[in-house]
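Each chain gets a letter, A, B, C, D, E and F, in the order it is written, and its residues are counted from 1.
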Amino acid sequence: MIDVLSALLVLAGVGFYLTGSIGLLRLPDLYSRLHALTKADNLGLGLLVAGLALHSQELLTVLKLLLIWLAVLAASAASAHLIARHARRQETTS
Amino acid sequence: MTELLIGLVATPLTGALVTMLLPRFATSVAIAAGVLTTVAAGTLLYGVGTRGALGYDIGGWTAGLGIALRADGLSALLLMMNALVMLAASVYASAYFSKTAERARFWPLWLLLWTALNALLLSGDLFNLYVTLELLGLSAVALASLGNKTAAVQAALRYLLVGLLGSMLFLAGVSLIYAGYGTLDMASLAHVAQAGPIVWPALALMTVGLLLKTALFPLHFWLPPAHASAPAPVSAVLSALVVKASFYLVLRLWLDVFAEAVTPAAASLLGVLGAGAVLWGSWRALRAERLKLLAAYSTVAQLGYLFLFFPLLQALPPGSARDLAVGGLIILALTHGFAKAGLFLAIGIIQQRSGHDTIRELDGTAQRLPATTFAIALGGVALIGLPPSGTFLGKWHLLVAAFTTGQWWWVVVAVIGSLLAAAYIFRVLGHAFGHRAYPNQPVAIAREEWPALLLGVTAAVLMGLAGAPLWRLLEGGA
Amino acid sequence: MSELLSVSALGVVFSLFLGLLRILRGPGAADRMLATQLIGTAGVGTLLLLSLLPGQQALMDVALILALLAAVAAAAFTGRQRRSRND
Amino acid sequence: MLTAQWLYGMSGCLIAALGLRTALLHACLLHRLIGINLTGAGVFMVLIAVAYRGAGMPPDPVPHALVLTGIVVAVSATALALALARRLTAEQIND
Amino acid sequence: MSDTSLLVLDGLLVISLVTLAWTALAGSDARRSVILFMAFGLVLAAAWVRLLAPDVALAEAAIGAGLAGALLLAAVREQSRQPLPARIVSKRSHNKPGVNIALQWAVSVLCAVLAGTLAWALAHALNSAPQNALPRAVSANLEASGVSNPVTAVLLNFRAYDTLLELAVLLTAVLGIFALGPARPGYQSAGPVFDGLARWLVPVLILTAGYLLWVGAHAPGGAFQAGATLAAASVVLRLAGRHQIGLPQGPALRVVMAAGVGMFVLVGLGLLVAGRPFLGYPPPWAGGLILMIESAATLAIAATLVLAFLGGQPRPLAVRVARGRIAATPIPTGKPVSPEGIRSTEPHAAEACHRIQETQKRC
Amino acid sequence: MAHKAALTLPGIMARTAAMAGIWWVITQGRADSWLVGAPAVAVATLASVQLSAHAPSRFSLLGLLRFLAMFVVESVRGGVDVARRTLGYRLRIRPGFRRYRLHLRDPRARVLLVNCISLLPGTLVSNLDGEHMEVHLLDAGEDPEPDLRRLEQAVAGLFGVQAEKRNV
């Protein structure tokens, strides 16, 4: 049961990764593409980590996975914000 | 005794650290480290002379798993030359750099360069050689940029890029060797390496990389600006020692490690490039307007002579004739080292005293700086190859070997090169002595003139007398 | 299960590959930068998936480093240097 | 014979040659530096490919150590080159 | 993993690597190339993982993803922010096109020949049986090396001399950088979001550096990876716009810079005095001595990398705070500070190239 | 840099504990790691203390749970929505910017809020100046203001501060 759930979560994570990449390719402008990036980080990696945590079931491994996910989330939020702000400033100044 | 090998690397390295940590005492610490290193090099030379080649396994691991240091006659002689030239240039530099801040920048890099030179000559491991080449290249570049003029920085940048490309090619060759033979130890490779599709490309890559660093024609384009714009003591060791370090490696690889794989065609190619270097370098030196540029182009030419030996050595069967030729090659390299270092130091003095080094405006230098002019003349004697200089001896053996093997055309190149060298040296001396009369002044030799003078004497006189013991050493040590 | 992990890893690598197309197409430097970020994230995902295979725990450390340094490049890209030498 | 060794080794050769070409020809210093770094990366790929012994086998650790050393050396050289370039730019503006 | 999926993976990675390398080298926009080079580094790290070289992957991740990119981007930005004097731009038209094209072809052919030769030789090497003597020797002596990670054993015991010289190379580079002038000016504040990130990222990076140092003894990791991670912590602070980035000053900085080589030499000479070979650790002590050397090396590597990022000798903090501005700077930026400042700096990445072209013209 | 608030001993202890906890997680609980771990934790704590600009704020456990639940639910809901929009045959997006006023005062709460907004699918903070933030929306047709307000409240609840002052 847990195995199935874990597998489903992992696959869903992969699905969101792919959605993110497709969004990156299809979306028309920089800001919209940034949405694709944060979504892949948040949901893609999040679901992946959830699935792997269920699969591994060792407390320390789970915690380390969470730590990595948190790091990616923070980095992703910060860099998306920085890039958007950077682009926005260039727009307004040039 | 064998600890000397690691001592020769550790002493300048420790010196570099101490000069870095105690900038106020940098000069005295550096000179002390230099004297120690020179003593160690002398002891090693004596040791190799009496006991033959020496080796040291670092960390106690057998070569292959670990890295071995090795010294034979060739490397011991070059180490000795390095030590003497570096020491002389150090004494000179202690007067050349007067500000504390300059000294604090100069000495650590200087000793790191010395470390790299010694490490390179001693290393018995191909990958370790790559690291020492990089250490040598980076410290040389950093020193060359100390001139702090735009030209110096620009030349240093180009020097760095060329050096990096050279070491990358060398590393590519080393990778192939490791892929094919699973070892990096040069002594074991000498036993197992065979001519074939792995060694040829690997040797070609390593050689091209090293030739870039040695500045063999037509890969010499970076050398004149870099050597001409660096501070005088730095120019001296760049021209006298640093290019020779990579030449030593070519020699080691072609004559020693991969001797099996060397073909006559390849050796002739090196000879042709050497001939090109002799002619082109001498010609450019003759046309140079500045003394330092003249000296730098003369380095290009003098390196060419060394490569003329390759086709001859390839054609000579092992035996006394070949040994004599090898000895001639080495004596040529050593003499050039002393002569060129002395020349650059002397030029540095002229530049400092008169504010320029334009050849046309040297008028009266002989009266104002008689010792320095004499040093230039001595260096010139050695560069042209007049007796009793070591160069004369070296070129003599080149002629002998060329006629023995029937390759007389190299003789033509050598003769033309010597004539051109005579022309550019006498051009300088002609301007230096000038036509105007100057009031007589008492001859006084300043402290910074001594190193140049001593180097000149060594090149023009002592090396000519050193022939016999040198051959004995090479035979015993090789 | 290990089959699932490796197939998923392949899926994530494929999304990394798609991100490459955006890097190549640009058009702006910022677009490339953000696609590079996505490649980093996809790298983390791949490494985490593979790290649960036997004997591959070390990959989690590689993922950790990639995750911790993910923001450095974007900050260097967007950071503005002070104008003069005073602060 | 291992396919992975061939794939990575051969593309390493290719990348090294591409990097070399740019390092020699490109007019811009940053491109040249990237070219040199990529040449290095290509050579490192060859070394790591040589070290590879198949999926289940432990690889040869020696090339790994060599590559680590090589990476450090490449970074140092790049940093020095950038500092030199920076100095040059500053002086050019100054004239 | 099954053979097919491995093959697909290899194919994707190799195609990505070659494409990224190709595109990073083409074109004239320096910033574009730097970003592509960073992406290349990330994919390369994945390739190292695939080829079972996690130690190298860690180093590549720490350097490629963090420092090298930051270093190159800072260089691009700095060069593009200087206004371009018109006369420098115009000088480039003198080159003869015919000679240039011939040269390009010659070099291209040469490089193609080189790739061919390299590949040919490599093919021969790969076709013969793999050389296993050295890896066997490594694992046979692993017990005595003091660590159980074979890569660390090679780096810090069997071939420790290489590593000693490698640290000397780092030291040389940073001394050279010092001699060239003062550090580049710092960054403006990156705003509350990045600042908030830095607050917890920096301690975690420090912990991770410690972890990599420790874990190197028995698993992938080691001094260089740890040093690069530690350096990243300082770089993050610098990018966040802080002055105090954890770098010691004055003599203490020199001690830290020299620590790596210094500890190596001390240990080596100490053993020599004790009658052992240079760097020949007695097996029971080997682990401890290696940890000692690696700790010092970590600090030295971190300091060196940070200094490389600063691009020159850091100016003392006290002076900066006291006077508000540095009075005498050996390298003035030369640019009259425009009131709107940063605005003009942005879109000139391509110009950075032109500028350097001039300095490089006759290569 | 803002003024450094005086850190209390418990504050330092809490940070040390947090750093030790992270070390424990990173090393996967290896006991022999503390020889390196102790100094590393000490340095990390020092850095953390040096970098902290604010007095430690309170955390509400209940608030944390509520916040997490909301974050997860919103992520998935928004994720599916955005996936539908981007994967469809035709892209159904209307990108645009909007400005919002921030009601949170606590700087850390603000940063967390901004990060959450950026991470949630469909919204992205593209600028932050003073009391205002500029949000980029994938679909600017729908006003996400109520959602943002709820998120702001959840963040406020997490830090145990009030975000109610709507009419400041």
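Keep in mind that, in the parts below, contacts are C-beta pairs under 8 Å (C-beta built on N, C-alpha and C of every residue); 3 or more make two chains touch, one makes a residue touch a chain.
All figures in this text were calculated on a predicted structure; none of them were measured in a lab.
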Those chains that touch chain F and also touch chain B are E
So, comparing each chain's Cα centre against the centre of all protein Cα atoms, which one is closest? E
What chain is the most remote from chain D, judged by the mean position of CA atoms in each chain? F
Taking each chain's C-alpha mean as its centre, the one farthest from chain C: B
Between chain A and chain B, what distance separates the C-alpha centroids? Give it in angstrom. 58
Distance between the CA centroids of chain E and chain F (whole Å) is 32
From the C-alpha centre of chain D to that of chain F, how far is it in Å? 39
Distance between chain centroids, defined by C-alpha means - chain D, chain E (Å): 11
Counting only residues that touch at least two other chains, what does the list for chain A look like? 22, 34, 36, 41, 61, 64, 67, 71, 74-78, 80-82, 85, 87
Going by the touch rule set out above, which residues of chain F reach two or more other chains? 22, 26, 28, 114-115, 125, 128
Where in chain D do residues touch at least two different other chains? 16, 20, 24, 29, 32-33, 46, 50, 62, 66, 69, 73, 76-77, 80, 84-85, 87-88, 91-92
Which of the residues in chain A end up touching chain F in this complex? 16, 19, 22-23, 26-29, 31-32, 34-36, 38-39, 41-43, 46, 60-61, 63-64, 67, 73-74, 76-78, 80-81, 84-85, 87-88
Which residues, counting only chain B, touch chain E once they are in their complex? 3, 6, 10, 13-14, 16-17, 20-21, 56-61, 64-67, 105, 108-109, 112, 115-116, 119, 127-128, 131-132, 134-135, 138-139, 141-142, 145-146, 153-154, 157-158, 161, 172, 176, 178-183, 196-198, 200-202, 204-205, 221-222
Residue numbers of chain A touching chain E in their complex, please. 71, 74-75, 77-78, 81-82, 85, 90, 93-94
So in the complex, the part of chain D that touches chain B is made up of which residues? 16, 20, 23-24, 29, 32-33, 36, 39-40, 43, 46-47, 50, 62-63, 66, 69-70, 73, 76-77, 80-81, 84-85, 87-88, 91-92, 95
Would you tell me which residues of chain A are touching chain C in their complex? 3, 7, 10-11, 13-14, 17-18, 20-22, 24-25, 30, 33-34, 36-37, 40-41, 44-45, 48-49, 52, 55-56, 61, 64-65, 67-69, 71-72, 74-76, 78-80, 82-83, 85-87
